[in-house]
Amino acid sequence: MQLLLTAILLPPLLGAILAGIFGTIIGRVASHRVTVLGVLISFICSCIIFKNFILDHQSTQNIIAYTWGTSGAFQFNVGFLIDNLTATMLMVVTSVSLLVHVYSIGYMRGDAGYQRFFSYISLFTFAMLMLITANNFFQLFFGWEAVGLVSYLLIGFWFTREPANFGSLKAFIVNRVSDVGFILGIGGVITLFGTVDFLPVLAQAPKVAASLPTISLFAGTSWSIITVICILLFIGAMGKSAQMPLHIWLPESMEGPTPISALIHAATMVTAGVYMVARLSPLYELSASALTFILVIGATTALFTGILGVVQNDIKRVIAYSTLSQLGYMVAALGASAFAAGIFHLVTHAAFKALLFLAAGSVILALHHEQDMRKMGGLRRYLPLTYSCFLVGALALAAIPPFSGFYSKDAIIEAVHLSTIHGASYAYVALMIGVFVTALYIFRAFFMTFHGSCSANSASQDNIRENGWVIWLPLVILAIASITIGMIVKHADALQLALHAFTSLPFWLAIAGIVTAWFCYVIRPAIPAMLANKFSWLYYILIKKYGFDDFNQIVFVRGTRALAQLLYNYGDQRLIDDGLVNGSGRLIQWISATLKRLQTGYIYNYALAMIIGVLALVLWQMLIA
Amino acid sequence: MITLNSALIVTAILFSLSLIGLVLNRHNLIVLLMCVELMLLAVNTNFIIFSHFLNDLAGQVFVFFILAVAAAEAAIGLAILILIFRKQKTINVSELNTLKG
Amino acid sequence: MTLLQFIFYVFSALMLLSAVGTIISRNPVHGALFLVVCFVASAGIWLMLQAEFLGLVLVLVYVGAVMTLFLFVVMMLNLDKLPSRAGFKKYWPFGILILLLLVGLMIYVVAPSHLSLASNAIAIPHPADYSNVQALGAVIYTQYVYAFEIAAVILLVAIIAAISLAFHAFHQDTKRQNISKQVQTTAAERLRLVKNMGKE
Amino acid sequence: MTHFPILSLLIWLPILAAIVVLIIGDDAHANKIRVLTLVTTLLSLVLCAVLWAQFSLTTYQFQFVENLSWIPAYNINYALGIDGISLPMVVLTVITTLTVILASWHVVQKHVAQYLATFLLMQGMVIGVFCATDTILFYMFWEAMLIPIYINIGMWGAERRVYASIKFFIYTFAGSVVMLVAILYLRAHAGSFAILDFYNLRLTQGEQDLIFIAFLLAFSVKVPMWPVHTWLPDAHTEAPAGGSVVLAALMLKLGIYGFMRFSLPITPDASHALSWLMIALALIAIVYIGLVAIVQTDMKRLIAYSSIAHMGFAVLGTFMVYLIMSNVANTGYAQMSLEGAMVQMVSHAFSTGALFIGVGILYARIHSRLISDYSGVARVLPVFAVFMMIFSLSNVGMPGTSGFIGEFFVILSAFKANFWIAFLAALTLILGAAYTLWMYKRVFFGKVTSEAVANLKPIEPAEFIALAILAFFVIFIGVYPQPLLNVFHASIGHLLDISLVSKL
């Protein structure tokens, strides 16, 4: 088992190091071969583990690789915890990563930093695998930060472009903001349970919770520590899985190359938060308020970011907002204690969202890095394969029965519907509207790119054609996956569920969404423009993404800089440097200048001084006597 | 008869006068030296008064020595005065402020 | 008011006025002369206090020696009249204030109650044949002979110091006689024999 | 313990070498001098290896003890000895000096001998400070150490070097004079200058407060803690590359070493009473200085401020011990916070030292420290950019690099002390990322705008080795810190026991 795990973890790391450090030496082809081989090995091993655990129901394994460090009464070690959850996640990560590796051979062909790109994505795979297989909070945090770091490197891959640099720094800092919550959560765990390992923590959780430990954050108020820890950890997850207030970095991260959007911002990194909550589900079960918090956040994100997707004109941004919205769904599922449904949606989402991103990537590649949907149209004739794959992805996303999206999203909606905790009704309504909005924005994008008149000028029209096998093979594999995963998992009552769907509301909402999208963007393309200027204020709010970006830019970025400038100028320069340090220098000079004036040089002044001295002495003597 | 008190009052006034002459003198060093002489005179008179009223000759002996010293002092003071004059070409007090800080 | 007191008051008034005169006078010579008057008046007082020897010594030493020294210096430096007594005028009230303050203090300090004297000590008159000089001489040459020697040495030091400070024999621009060179001449350099004196 | 005087050798070998180098003197055979200096440091490195190998992890007593009577009249003796706290510091000193000599191989051309001599003297004296177990010997080395760094900054620094070096000297000296008073007072009561005698000396609360404040003045300037920190940015911006590395890597550790060696054990009750003040100052240092670092326009000044923030963490770790113990019985958390402080010191030396070497390399080529003068250096010097990325990440506290461990331990134990202390301490994650990576972005990323950046000379082999050594340590400690942590357990445990026991 230990060997199997090292076979999963080490190859991507070695590939990354080889491609990274010796990239220029071993050349482009060798470097991408090394990395793809590395990921392939880990993919095969993950399949073996998947078979052992899911099919042969092997018991959970908890292996400690080596003791990283001991301090005081605590031991931090690098260890691996393998159970069904880890097995599924391993499958998702390694498969998507393998497909993205293959895909980016074609996508990044002309790029200067070719080897560097491959080293980064396999480093990312290693980091994600470390995160998933972690058996304690310390290693989870290590994976957490490493994944954030590599996404920073990848978003800012084309570092000569300013928006890419800005996007990567913003992504990293927002992740760090959420990591503050995460590390405080770990602090809470270690104070309450005295250890960072998952199994002991989860085992003691019920017993400790029974004693209702409280912590008073603000004077007088007393909060249950479990709730505080869960919310803190969830803040960590919010940053990583881009939930409502901390979602601002995901749209900017589209600056990076498309394969990484597929890998990081669809399938793996963003799901880390969902995975963490699922992993700690026994802990979360103990605090109802934390679950309500999660449910509300998830539902709000699902609905409001979905609506934003409708007004985007860049194809990658539409899919980015759709990821935000689907993550909202997963988090809502977690909030409703339906951890299995959340993970199931995670798996299916990984498949069809990666498919959508890669399809968008192949469209962009074909149109020579044109990302604006208004300049696309009628590509159905030129890119038939991408067209069909995109359609499959869109149908899966919109939760149309035979496709996998339906099964997972339907399970979530059911769970939220049955949940009895506070905010469940709000969440249910939000998710229902979300289904309609999802269908609307994805098919809007679908019709704008593939249907209607081809606005690209005629000269470049004829050289739009499908890309090499390296591009379309991953698309086809993902398309098959999007179709079959739902049925495989729900094999028993797949058909029965599909039939039942026709009677349930969400299905009809999805169909309504598709029809409105078809009507507005194919039959009467003028309607969206008319609607936009009729409800111009609503349109303005949506364009401004509810003002989150501007708010963040003005208050946080410019605010901290102004505060820092103020502190530096007045606190450091004026007060301490000039005031105390140089000030004391000037004070001494002033004292000596005044004393100097006493030495007038005239004798009579000195005589006078003497007399006054004598007088004072005599007077003092008199007063004393 | 001369009473002790009145005599002391006279010497006190003499002493204070000379002191003020010393301090407020705005013209030259000569007046300064003269005031010093006056002061010594006042002190001697005091000694004489006390030796007279306490009927003890020690006071007069002491005056005898003070006279010696005073004479020496006056001589050296004038010598210095001449040197200052030769060097600074003036003995006006307000111009002699080379000691200024 | 006995004659003695009257004379005492006259002499002390004379002394104080001449003291003020020396301070105020603009011309240093006037100052010096006022000082002489002051010394003479105080000598008078001393005599009245039966310190005859010292009174005369005072006149001899001070008026004779020190005052002549002053006048000599004033003449040598030919100081002209002083420009103004502005300074003095300006500080006039301030001076009086200090004067009163000083006098008040001294009187308070020297008041008899402090010196454990009877309120108003009365001097014991000496017998007729009492000679101050004899009494003084007996004391000086017995008890204070050591101090007497030192006083003499001080005076000697003063003489040497005054000479070494003020005497600038080797100054370039002053014409001086070089006695030793003058003496070494021969008759030929000095004497010129002229044959027929008185004929031309 | 071998009777072989390894500690004295470690102290006096570099000082002798410095004298020899000064004698050779002129720049004619500069290379001979450089080789000699390198050989000395390599020799010291071998000695350190022997030291580390023979160091027993189980006992907290001083090891490799040497004791010769020096001034018998006052019972002052030349006493040396190291324990878990000072061993890593000694090894750190040798490694930093080695990397500094390598990094400034070709940088300094005039007065090479004197330049290298200052580093050798520094090495000898700093090791002396860490090994001295007699307070007067400690104080002597403590003051002597100022001179070489003062000369180093004063002679080879940038424009305002004289102002900076004088300010630095006076600041440190003023603080340590007060310490001397405290030492003498203690001597009067304890009868001898040995540190151990001071440890078990009964003191009343009033005495302890005064002594603590005296030590606080001396050490807070060295750390530098918040109100007395303004000398550090000036000293760093004006110091030559090598000088500011040594300043950052070694001088800042002395303050906290002093707290651990003197303040905590000798005046436990005063430390307990004033621990709230120290925590407040440390938190101010972390948050306030973190903010101030964001708006710096000069690279060295920014790194200087970041090292103040890191040292604030170490101080927080050291003085949170009492607050933690008031919340929990076992000393596990308190030991973790102290060990976090120790690791933070060690890792800060490597990462900040390396960052300064990097900026020194850029400065040697373009003679400008302003961030705005650089853009797109990554395109021109990719290898250098990778190195600097590793060190920036360690500065930010990225797991897998050494910078993370210290912050991780301190924040975790801080949560036990008080949630809000942990929250404020955790802010450093954001601030650290903000200023370091923003600087990295403006300097390394972006298009190559200025032509000076375009034809930057590639880094030389000597510089490459220096950066490689530091990178190795940063990554190795980050991935596997156990060997380093094992060294601390015994002596930190003992330090904790004696500083938690009241001495009233």
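Chains: A, B, C and D, in written order; residue numbering restarts at 1 for each.
We adopt the following convention: a residue touches a chain if its C-beta (ideal position, glycine included) is under 8 Å from a C-beta of that chain, and two chains touch if they have at least 3 such contacts.
Computed from a predicted model, the values in this text were never measured in an experiment.
Remark: among chain pairs A-B and A-D, A-D carries the greater number of C-beta contacts. Distance between chain A and chain B, defined via averaged C-alpha coordinates, is recorded as 99 Å. A straight line joining the Cα centres of chain C and chain D is 79 Å long.
With centres defined as mean CA coordinates, chain D is found 37 Å away from chain A. If you average the CA atoms of chain B and of chain C, the two centres end up 10 Å from each other.
Multi-chain contact residues of chain B (touching two or more other chains): 19, 23-25, 94. Counting partner chains per residue, chain C shows two or more touched chains at residues 98, 102. Within chain D, not a single residue touches two or more of the remaining chains. This structure has the following touching chain pairs: A-B, A-C, A-D, B-C. Residues of chain D that touch chain A in their complex: 167, 171, 227, 229-231, 288, 291-296, 330-337, 339-340, 376, 378-379, 393, 398-400, 404-405, 408-409, 411-416, 419-420, 422-423, 426-427, 429-430, 433-434, 437-438, 441, 444-447, 479-482, 485-486, 489.
Chain A contributes residues 66-74, 138, 141-142, 145-146, 149, 152, 156, 159-160, 162, 165, 168-169, 172-173, 176-177, 179-180, 183-184, 186-188, 190-191, 194, 215, 217, 228, 560-561, 563-565, 567-568, 571-572, 576-577, 580-581 to its touches with chain D in the complex.
Chain C contributes residues 2, 4-5, 8, 12, 15-16, 19-20, 22-23, 26, 28, 31-32, 35, 38-39, 42, 45-46, 48-51, 53-54, 57-58, 61-62, 65-66, 69-70, 73-74, 76-77, 79, 82-83, 85-88, 91, 94-95, 98-99, 102-103, 106-107, 110-112, 117, 120-124, 132, 135-136, 139-140, 143-144, 147-148, 151-152, 154-155, 157-159, 161-163, 165-166, 168 to its touches with chain B in the complex.
Residue ranges on chain B touching chain C, taken from their complex, read 1-10, 12-21, 23-28, 30-31, 33-35, 37-38, 41, 44-45, 48-49, 51-55, 57-58, 60-61, 63-65, 67-76, 78-83, 85-86, 91, 94. Within the complex, the chain C residues that touch chain A are 98, 101-102, 105, 108-109.
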